[in-house]
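Going in written order, the chains are labelled A, B, C, D and E, and every chain counts its residues from 1.
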Amino acid sequence: MANLKGKLGWLLLISVGLAFPWLAGNDYYLTVMSTAYIFAIATIGLNLITGYTGQLNLAHSGFMAVGAYTVGILTVDYHFTFWAAFALSGVVAAALGFFIGLVSLRLKGHYFSIFTLCVGYIMFLVIEKWDGLTHGTVGILGIPAPEAIGSITFTTPLALYYLVFFWLVVGMWAMRRIVNSLLGRTFIAIRNGDELAESLGINLMRNKVLAFMLSVFYAGMAGGLYAGFVRFIGPSIAGVEHTFDMTMYMLVGGLGTLIGPLLGALTVPWLTQYLQFLQEYRFIVFGPILVLLVIFVPNGIVGSYLAWRTRRTDLKGKNA
Amino acid sequence: MLAFENLSLRYGSFLALDGVTMHVKEGELVVLLGANGAGKSSIFLTASGIHKAAGGSIRYGDKELVGMRASQIVEAGVVQCPEGRKLFPGMSVLKNLMLGAYVHRRDPAPSKRMLEEVLALFPILAEKKDDPAGSLSGGQQQMVAIGRAMMGRPKVLLLDEPSLGLAPLVIKQMFEVIQKINQSGTTVMLAEQNAFAALKIAHRAYVIESGRIVMEGDPEKLLADDTIRKAYIGT
Amino acid sequence: MMDMFLQQVLNGLTLGGIYSLVALGLTLVYGILHVPNFAHGAFYMVGAFMSFHLMSAWGWNYWLAMTGSAATVALLAVLAERLVFHPLRHASGLHPMIAAIGVLLFLEAAAQAIWGADFQRMQTPYNSIIDLGGVTAPAQRLLIIGAAFTLMVVLHLFLKKTVMGSTIIAMAQNRDGASLVGIDANRVAMLTFAISGVLAAVAATLYAPINLVYPAMGHLVITKAFVIIILGGMGSVPGAIVGGMIIGFAESFGAYYISTDYKDIIAFMLLVVILSFRPQGLFTKGVR
Amino acid sequence: QEIVKIGYSGPLSGGAAQYGKNVLDGALMAINEVNATNPEIAGKKVKFEMVSLDDKYSPSETAINAQRLVQQYKTAAILVPHSGGIFALQTTNEAQKYLLLAYSSVPQITNRGNKLTLRIPPEFTSYIKPFSAYLMTRYGKKIALIGADHDYAKAWVAAFKPAWEAAGGTVVAENPMSYNRATDFYSGVSKALAAKPDVLFVGGASEPTGLVVKQARELGFKGGFFVIDQAKLDEMAKVTGGYGALEGAIGVLPVVDDPAPEMKDFVVRFHKIYPNRDPGSEVVWNYTAIHATLQAMKLAGTTTDAVAIRAQLQNGYKALSSAQNPGGVTGVDAQGGTITVTRGGAVENGKVKVIETPAAK
Amino acid sequence: MLKIDHLTIRFGGLAAVNDVSTIIEEGKINAIIGPNGAGKTTFFNLISCVYKPTSGTITLDGRDVTSLRTDQVARLGVARTFQTTSLFNGATVLDNLIVGHRLRTRSGLLDVLCNSSRLREEERICREKARDALDFVSLSHIANRLAGDITQEERKRVAFALALATDPKLLLLDEPAGGLNPEETLGLAELIRKMVSHGLTVCLIEHKMNMIMSLADKILVLNYGEKIAEGTPAEIRANPAVIDAYLGSDHAGI
């Protein structure tokens, strides 16, 4: 019964996503939404390591940049097709994540966060300075649009919208699988206390590294999509502001919930669009909103709702 | 000396204390018995100003403790040795003890004497006085916590399960110490699971259940009560 | 060549002094609240703008402006403690951190709204250049070094030798425990934030005259300060000072002997290497 | 009456905000002047409006802003004041059919054969020869390169180095620095000075450039400065505390120091609108470029057809009055670059002296 | 079952456990007592491989486990409880327990992505184990309660259940009755007996002498890191060294 209700909810979400272009009626809104989807994919990934495994990774946008540059470099300098490069974007990010994870995940709590903050900064600097590989501050121009598959072409905003949407759905689906499985429970156990988790026979390092790699795989893939979507990339996508943004999305929606980060990643950018008239001052409004959210809705929209629902079901169960 | 009047406390929507009324007379040693989660610590923490009461009052002499800040309460002479110890783990044992006398910082001479007393009471602490408190074993840390509370030279000493995690020998000594402290004029309020030992040194006792006082009386009366014996003594 | 070496030593001391001051404020607050205060860089930035404003718009002299700015930022820091961090003192590690980011975003946007986004230049009465046997030492740089080290010593004595200082340390180790021995936890928290604000404002006012003042000026300094406090061990005062010096020297020597291009990377690489060997930082003792 | 929108995407926050605002203000000045004349295009009354979006100098933001400008505001022309953003837009502007008004002097902007680009300022290569000649005769042939490290400055160095060497000079040190991020230039500058150069090549945004010059002087440097066109001597002077420290610096001629009567007149008009600000060359070039673009729209009889407007730009510039064209742009070449005679300024005895440079090709 | 030979660990200058040799006997209740700071918890940390000993060996069923990782010995059947149990308060009790059996499963990422039959089977087993464990500690009725909403005693029992779900052979309990009242303590002792009767080996640290004396088959006494006595409750009660160092005359067997 609950399962059916869950399925219905997902179906509804997907239909809204499919129908959105008709509701939007404007290419610009499609662009905004597609960008939001791309960041949503990365945010879902960040949620795995932060929300479910309990390690706030502040280098996440660095990995997104790695994915984007994988696509940029391979297509522009090595003439790969977009698809081939895209397939590699997540893999390259995850491979790098393996090594960075091995070093950084030995640190706990804030040490890990700040360490990754520095790692992210190093990634940014390396991208900026390694002219020969990354085109330095100039960035990479002329990234090809995704090549047509059969008769489906990816040149219009509409087609790109559906492309990004498709990957968002795939990403959500896979994440749902992961977090609801034994694997997800393993991650959650680590978040709740690594001492206890270890005594339950969970190999901490292996699972943390796995969660980290999965998480940055999402970031890398989102970066790859971003490169194919915007078709121009520069070092600024590695900036920590993007990680901060994604953290905010997670928090607004609900840390460690499946749908929360998605919801956050989709609603907050629209709010920002509405606040566009504030231009550079929008953070005067946004900063305090963030603080208020953290203080008064610490579990996010979805987290608060879920707790409420479980309590209610339990009460009902007792009465029945 | 200390009178709780209709005290209530909430954690969120959960009513942890529900109209607690009780009192401790000057020089008395009063024991608070209650199962886990009955609300013993909640009473103490409210008395010490760590939690804010939702209603009711705690009179201490002519002062009202509800609404006072934790630091003012200690200054007034109500000192607590908390459950969970709450030491300063990175500081040396000695510094922990000295900070116990923080409110007497302008009058250090008696604190020196008190320190001697504490170290005599717990000789292991003299041995470890330069080690960080956090590196001590659970029981040793408990000793530091009691010692630190004594350093505050309390008029009323609140002891929240001081025997938790202590070896029997030490527990026995500790009850002796508590009795000594009490006999030297300090009013003591003691929360204990170790009901038998506690009742042996107590003048009076209260029993708390789900945030409510359900019984009060002198130790003999409680020891004679079957339900109490069954619930708290175990024989 | 010796001249050049000494010149780099001087640069290292200047940078290290500033970094240490900023890192000290950060490490103190971390000790009390266990929050990496991302807003600390914004305190630094506001400190610079305040001094700039007091000097250029109100015509105050340098030292007066520094005092005024220190007071303002201290107040700001105390406000942040009261309004943001105090309500979150029982929350999990992630939440205060994110709230700090919120404060940072707010302060930066507010500074830009008030003072604009462009580079500003702060004046100093100490424009003379002293020649120390071939080493160029502008008076302002010597002032930075002198003031930074004086402040560090004062802070150290304050923490170690005064009762008020030990209350900060006690609070850092157990907030409830501190309350139970009669330490007013709120006052200590506010005091600590005020000190961290003063340190940030003074560091900014010392450094701004040889640099520029702009809303994003805190970013790099705060990132470095974070590097420093995890290098030194979070919450450790000597760690912050030594860490600051390590980074300051790594930068000035790195820029001179290796490459200006890579000097920022050098500092971060150093961190990666050191933490790989000592995950708890240089100055933290293992505490159960 | 029809509203015609012109797009702008450039830095309005962050370190380059002032620069972006200068560009925008020049453009706005032109638009207001044209609107005051009740313009008509193809028989319809029109009113021009500027839609400005902040991109924080970040090319990817420029790309997103451009989508918004084109799709939501239907702008036929977008003004972008930085090479990164310009390159980013050149990947889409031909397909989406909008005119890219490129305020950047990097040669590649026109060399890549984009058919809908107008390069507003002269190419920076035109400054290299005359400036080098001036500095070599006044100070010597040894130069140390300590420019900024962003893309624009790097493009400059790439073009400058061979030219300086071809003229018989040597590069004794090369040490680019991050002008927008660095916390201290002392180590970097002293490193360059250790090579005993006669001239320092500097340049990024004006204020940090001024700071670099100041620190070089503190460290005992006595030679001249080659200042790239992004930095403005008059703005640098505010940081160094007057032209004194800038003695021997050569860069683009500050607008306020230009003796030409049209320029003086322009400065007066600008001061009427912004009493406390001096116009920089950004203001002038973009002011003229927008005038020319609107003129080209009139001539083409369309406000939407970018191809037609681009075709009329040459005539648009030609049709401008000298008040609208104080910099004396004579036209647009086939690749979309403006043709003009530019002048440099060198600080001699605390005053700016005009240095004539030959016309860009 | 578990053989400990000359086990020593030093923290700086302090030998927290010093040359201790003993055997933890299969199917029995082995108790460890000793004054505060004697090294009991440290001893547990050594057995469960949280610390590496300075010297000495630990042999589990004939296999040297001294240098394994915590999770590896856990898989070999050593489970433990802590003094405070961190549960995920936002999930139900049952959900908290499912991960307990994870160490006996092998599904990886691939299984998860393809929803393989192995994964489904293993998830079913884990759920079953969790329910069984909850049944065992008599808490089936709170299976769907939020872990954040249960009482302290229930938390202790849930912690037991979590350890049981790992299918351990040896269960290490560190002061399980700490903070429980006598009635609850009795209940807990009952539970421990039940575990042993189901074939588990238990090793527990406890200060509650009533409980230890009636429960333990064998008691190991540590003092200053050293073993000062070992034997049945009766022997220990009569051991003068133990009375001196630890028990005091109250509990002595006179």
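Criterion: contacts are C-beta pairs under 8 Å (C-beta built on N, C-alpha and C of every residue); 3 or more make two chains touch, one makes a residue touch a chain.
Here is each chain with its UniProt name: E = Arginine transport ATP-binding protein ArtM.
In this text the structure is predicted, and so the values were computed from the model without any measurement.
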Between A-D and A-E, the pair with more C-beta contacts: A-E
Dist(centroid_CA(chain B), centroid_CA(chain D)) in Å evaluates to 75
Whole-Å gap separating chain B and chain C, where each centre is the average of the chain's CA atoms: 41
Could you state the distance in Å from the CA-based centre of chain A to that of chain C? 32
Mean-CA-position distance for chain D and chain C (Å): 37
When you check chain E against every other chain, which residues touch at least two of them? none
Multi-chain contact sites of chain B, meaning residues that touch two or more partners: 135
Listing for chain A: what residues touch at least two other chains? 280
State which pairs of chains touch, listing all of them. A-C, A-D, A-E, B-C, B-E, C-D
In the complex formed with chain A, which residues of chain E make contact? 48, 50, 69-72, 74-75, 79-80, 82, 85-88, 90-92, 95, 98-100, 102-103, 105, 107-109, 111-113, 115, 119, 122-123, 126, 144-146, 149, 162-163, 166
Which chain B residues qualify as touching chain C in the complex? 48-50, 69-71, 73-75, 79-80, 82, 85-91, 95, 99-100, 102-103, 105, 132, 134-135, 148-149, 151-152
Give every residue of chain C touching chain D within the complex, in rising order. 4, 7-8, 11, 14-15, 18, 112, 116-119, 121, 129, 136, 138, 207, 210-212, 214-216, 219-221, 224, 251-253, 255-256, 259-261, 263-264
Name, in rising order, each residue of chain D that touches chain C in their complex. 12-15, 17-18, 149, 175-178, 181-184, 186-188, 190-191, 194, 205, 207-208, 211, 215, 218-220, 238-239
Which residues, counting only chain C, touch chain A once they are in their complex? 30, 34, 36, 83-84, 87-88, 91, 93-99, 101-110, 112-113, 117, 223, 226-227, 229-230, 234, 261-262, 264-265, 268-269, 271-272, 275-276, 279-281
